[in-house]
Amino acid sequence: ASKRAVESQFTFPAFGCWVNIFEPAVAELVGACGYQYALIDMEHSPVTVDSVLPMVRAVQLGGAKAIVRVPEKQSAWIGRLMDMGVDGIMVPMVNNAAEATELAQATIYAPEGTRGMAAGIVRASNYGLNTAEYLQNYRDNFMLIVQIETREGMEQAEQIAAVPGVDCVFIGPSDLAGSLGHRAQPEHKEVRAAIRQIYKNVKKTGKPVSTLNFTSRNAKQLITDGFDLVFSGSDMTMLSKALQQDVANNQKIVQGLVGSK
Amino acid sequence: ASKRAVESQFTFPAFGCWVNIFEPAVAELVGACGYQYALIDMEHSPVTVDSVLPMVRAVQLGGAKAIVRVPEKQSAWIGRLMDMGVDGIMVPMVNNAAEATELAQATIYAPEGTRGMAAGIVRASNYGLNTAEYLQNYRDNFMLIVQIETREGMEQAEQIAAVPGVDCVFIGPSDLAGSLGHRAQPEHKEVRAAIRQIYKNVKKTGKPVSTLNFTSRNAKQLITDGFDLVFSGSDMTMLSKALQQDVANNQKIVQGLVGSK
Amino acid sequence: ASKRAVESQFTFPAFGCWVNIFEPAVAELVGACGYQYALIDMEHSPVTVDSVLPMVRAVQLGGAKAIVRVPEKQSAWIGRLMDMGVDGIMVPMVNNAAEATELAQATIYAPEGTRGMAAGIVRASNYGLNTAEYLQNYRDNFMLIVQIETREGMEQAEQIAAVPGVDCVFIGPSDLAGSLGHRAQPEHKEVRAAIRQIYKNVKKTGKPVSTLNFTSRNAKQLITDGFDLVFSGSDMTMLSKALQQDVANNQKIVQGLVGSK
Amino acid sequence: ASKRAVESQFTFPAFGCWVNIFEPAVAELVGACGYQYALIDMEHSPVTVDSVLPMVRAVQLGGAKAIVRVPEKQSAWIGRLMDMGVDGIMVPMVNNAAEATELAQATIYAPEGTRGMAAGIVRASNYGLNTAEYLQNYRDNFMLIVQIETREGMEQAEQIAAVPGVDCVFIGPSDLAGSLGHRAQPEHKEVRAAIRQIYKNVKKTGKPVSTLNFTSRNAKQLITDGFDLVFSGSDMTMLSKALQQDVANNQKIVQGLVGSK
Amino acid sequence: ASKRAVESQFTFPAFGCWVNIFEPAVAELVGACGYQYALIDMEHSPVTVDSVLPMVRAVQLGGAKAIVRVPEKQSAWIGRLMDMGVDGIMVPMVNNAAEATELAQATIYAPEGTRGMAAGIVRASNYGLNTAEYLQNYRDNFMLIVQIETREGMEQAEQIAAVPGVDCVFIGPSDLAGSLGHRAQPEHKEVRAAIRQIYKNVKKTGKPVSTLNFTSRNAKQLITDGFDLVFSGSDMTMLSKALQQDVANNQKIVQGLVGSK
Amino acid sequence: ASKRAVESQFTFPAFGCWVNIFEPAVAELVGACGYQYALIDMEHSPVTVDSVLPMVRAVQLGGAKAIVRVPEKQSAWIGRLMDMGVDGIMVPMVNNAAEATELAQATIYAPEGTRGMAAGIVRASNYGLNTAEYLQNYRDNFMLIVQIETREGMEQAEQIAAVPGVDCVFIGPSDLAGSLGHRAQPEHKEVRAAIRQIYKNVKKTGKPVSTLNFTSRNAKQLITDGFDLVFSGSDMTMLSKALQQDVANNQKIVQGLVGSK
């Protein structure tokens, strides 16, 4: 029987890894390492649905939840990705409750929602092997995460979080910094204050809050501060740093050789 | 000379197969088996234009018409797929004549329509080998199928079907059932009545009507009822059923072994 | 943690499915349906290592063992596929103990065998997460299946099966029939006698014996006859049959229409 | 160090080649031949972001600027392609200053623009190696080209060109012809007059003007007329013509043989 | 019904095109243009079986015979490609009758030959739709072309050509030139003499002879000289030449501009 | 003009990175970081020629030399990869001078060598743009690296290195350890002694020697010891380590939370 969805509950606090290297081996490794979540990023990666599915399979085979960030705030992505059997979807730049509501409805079949019905053939139901069960549980085993990362979103944080079907709010420091006039300064005190404000207002609704590591706010602090889902890792960032360190080390070795001559 | 478009006329009654397995071998087999139409489904499959083209070629090489269902009701898909040389396009969730009109216009070059012109280089004209001929016949050799599968669409069925450039109406039982409040019950009497009503109203316009097999409405009944294009097959459903039967049979064999010991 | 290799033991009697449709959705479905083994066929499919890996992942995620049949009897395939983390490898046209020995050695690291060492980075060890464990268990969790399907192989069956590292023998009826002068007649009495003889001689060594369904020898008979691993299914055959039946049915419907006019 | 972006300035007059054959070897050849620009066309080619990136790399490795024409006038494409490190983007069917403004804003990070921030990990910054430098120069090393190819666009040409962030205007003769009621007649005198008018009005803003070869307006004339960036080549057109000539020649040879018998 | 194999006979004299651009659009165009044969080259292209199949389909859909040149003189390629439904195979560097015999046997099922049997599921038989017919005709509808392009091959030309199952001999001028000590001088008189000698000796066996265009020996001369199958075109060569001419023309235009200032 | 081959000389001492993540973004990053060489590994990666070429392009665009390790010691790989324009090839398990000689000959065109000629169309010559220049310099701009990693190879090290056309010798510690009876113990004193002996014997021939980092022999020591080309990095190893550290850190954070309650 399928090894997917063995542990369907989403438990917190939890850690995740950002995945921007579109090679299933990396996705599988991220899952196998022990992260509970992998965020497969379509917004800032040159990929679309057909490249995402092998990543989703690899993350799930590795043992983590596969969350896909869609490239844009459009409902059409939701049904296609849910049909593919992702464990969750993250949507960037959600600015108000109306947008959040439209997205949430796209996760639900008619008549309550707007999702198109093909439960009998898609991967989400094991290609029809588990259709009845899927129609029962599909929404409980899926997490819709909306990103708040603009001034408008900040001001509407509580209303956005309160929308039924919004399962988690992710605070995006970089775009929030830009929106507040502090481009590339996510550590700016106004940005930090904004993050705290969003956090507080989302928490009023009881919904879990998520964010990612940043220079001055490491995973430990974020968990201590009460964040429920912390993206502590980023495959591309980690790999790039490691490569740069190794090259720097090599350059010192060669300079040492030259110097000693 | 190219083996495409030998028999360009669309004749009815006809049968088609739903294609959700994105492997050109399957697409070619579907065509070679004798189906007249293959519906390559982008709405509930994790694919985009680059994965669809090999499927289109394989269906056409197999000898069937390649109809592509687009993932969403947006005109931008129309021109891209027509350039690729598909034989037809199916659009989901068409709710009224205005939507149908916009889609129909997207199939036609300016000034009458809104399709962008690149007839000299695209596959549809054999990469420019048959540009003049293509500009003459392109619309006659192409079929725009709109799906009616919501309450609103049902109420506007005649107006939708009457739109010039709408070549066929497909009635989608599953989503129609959901829209009418009977999720996953396409056999519900209200759904059946709705299908009959849509059928009748489309037929007033003289346009062909299409649908697919469902539990209680097999291909024979649908053809007898007057449907012009019946999708009797579904690759994923058929394969899944056959595999499940074989596994069930295997389990009986093993139980027999155990029992007989 | 990774969901692979949860149940690492190979138990018999067991059933498998032949996979010639190179679409991971199908591979995943085959596993999820309940087959214990999936035979991913490279010998008669237009694929190589990069297309095989997504199939292997999908089979394993579905919950079955992924056995890959290599395109030719060459040791170089063995190490590459083992590095990829397949559960087993089937090799066609093994004719004698010397060939079997060379293949068996290719499954084992030096100094006993000839397999190249990269256990620290390959998928088989979860990309280095489980290197030590992998070096301990890699051979126990892997099955080398050799095909006997020629007259020479038939005459050497016992010696081939007795080679240490040969974990299972698969009897290939079609090629055996050809080799014995009865092309395309796997039901010929000489072929059936040859199969019985190979079966008996392999069984002397205590090794499991495998084969696939054929017209007159269905899964039940094969299991009753003592075969340990029976490939009862074939995705392409099943799909093709189902499509042909549906088309035949459609043709009857249309003829009925014509006849009744 | 990376060989990209060595010569970041866009100089004129310059020549480009239209790329509709989606094989990186062709893209690399186009660059290596000496064209300064390659226009990778997504509007009339069956491709999306994942197939475009290998083309972009190949063009840049060949030594040309990689400009991508997006399939539709939607801002979401802009950020994704800029993240991929393209040298420019061309947008079809821009009709007025409001549309041009929205596109231009999509090229700029907040707070001035609407582009999402991921400069630390994307290809555009060499995966974070050159983030600071990229944030400094990203806009100077990038060219936004809008297409004017409708009557409405023609009438708004000066206003469109004047939009800050519009770096170049491309006049599309084929669609302009259609829009003016002269489908497939880009040589029609009204179309030629329209092109002259657009040209003149764009030039008032000082922005460079681009177009492509057409039957009666070859590269020499276009450069003489003052066009800054002329697309003189088209891979598909050139290849198709060469193949057709060769086949025609072959047919003459055979007819000669027949005739001489 | 499948559009393949409509005209299964190989007729001469005939023309072909060499295909080194691995984009099915180009392959389809080559067929559609009117070439009777397309040579899909694996020897000097970075491709393997999975990239070749879409090319084969495209060539056949275009209306030409798809001949694949294998990367090396190894029998294992033969069965895999025949299973894929190619119309012919070309093998490089065949030096003597023994090599030719081994290759020819690999095209034939046991017991006469060594090809493995999977006729019931492979593309060659339309995935089992036409198995019986395929087993009847498979060899007649397939052409094995061996290349003679070494001194040893030259000396054994008649014996190679006489091997049953060798259906055509292709003389490779470039490698023959190298082998005779005149690298990159296929026009050298010794090379020309060698070609004539091979031609004459092959003709003694009645087998058709093939070659490709070279500077001083154009298609007309080759056909006049009696060659049966002339590869007059080469997609990469033609495209490269056309691009280079256009760039050269552009450079003249710019120099004219500069000169006139 | 093409940005490849700007600096064609191979200079030492130099550093390289092992590439087992088959995603061109990673390959490009490796080059851009400052490594002089990237070793794209086919031996222990599930890839073949068509997946390797995008990696080669990405490495070269990043600014490093692209060396490809072939999956097995077979000459057929050499020509295909050289045609693709790789900067070098590494061959595993070279055991004696005869094997090295055969490989070296495969890098050279006839009559001196055995490489097939297609210089006019392949990537190596910029698809024919630089054919004459390529025929002049192709061998100087290419590096053949043979691996010594068996007892037999060790004993023949000087003879192997002395073969003309062998440009560099790579000592493989892992397989050498296995071959000497110390599987997975590359630090064993006998293995270290063997490495020193091979190093010394190769150096007698004046050829550069290469190896990779190992636990107790870091890049600094290897350079100090006189190795010319040191592979200090490995993308998969580095990424895996970084991910594991982050997960371990996360687990501590959670345990701290639990402990503090």
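Each chain carries a letter (A, B, C, D, E and F) given by its place in the written order, and its residues are counted from 1.
In this section, contacts are C-beta pairs under 8 Å (C-beta built on N, C-alpha and C of every residue); 3 or more make two chains touch, one makes a residue touch a chain.
Just so it is clear, the structure is predicted and the values come from calculations on it, not from any experiment.
Between E-F and D-E, more contacting C-beta pairs join the chains of D-E.
With every chain reduced to the mean of its CA atoms, the largest distance from chain F is reached by B.
The centroid of the Cα atoms in chain B and the matching centroid in chain E are 39 Å apart. Averaging Cα coordinates per chain places chain C and chain D 51 Å apart. A separation of 34 Å divides the Cα centre of chain B from that of chain D. In chain F, the positions touching at least two other chains are 25, 29, 33-34, 48, 50, 53, 123, 127, 129, 236, 240, 244.
Contact between chains, using the touch rule, shows up for A-B, A-C, A-D, A-F, B-C, B-D, B-E, C-E, C-F, D-E, D-F, E-F. Within the complex formed with chain E, the residues of chain B that make contact are 1-4, 6, 24-25, 28-29, 31-34, 53-54, 57-58, 60-63, 123, 126-127, 129.
Interface of chain B with chain A (complex): residues 20, 22, 43-48, 50-51, 71-72, 74, 92-93, 150, 174-175, 177-181, 183-184, 234, 236-237, 240, 244.
Contacts from chain C toward chain F in the complex involve residues 48-50, 52-53, 76, 79-80, 83-84, 109-111, 116-123, 127-129, 135. Against chain B, in their complex, chain C makes its touches with residues 13, 15, 17, 21-23, 25-26, 29-30, 33-35, 219-220, 223-224, 230, 232-233, 235-236, 238-244, 246-247, 249-251, 253-254, 256-257.
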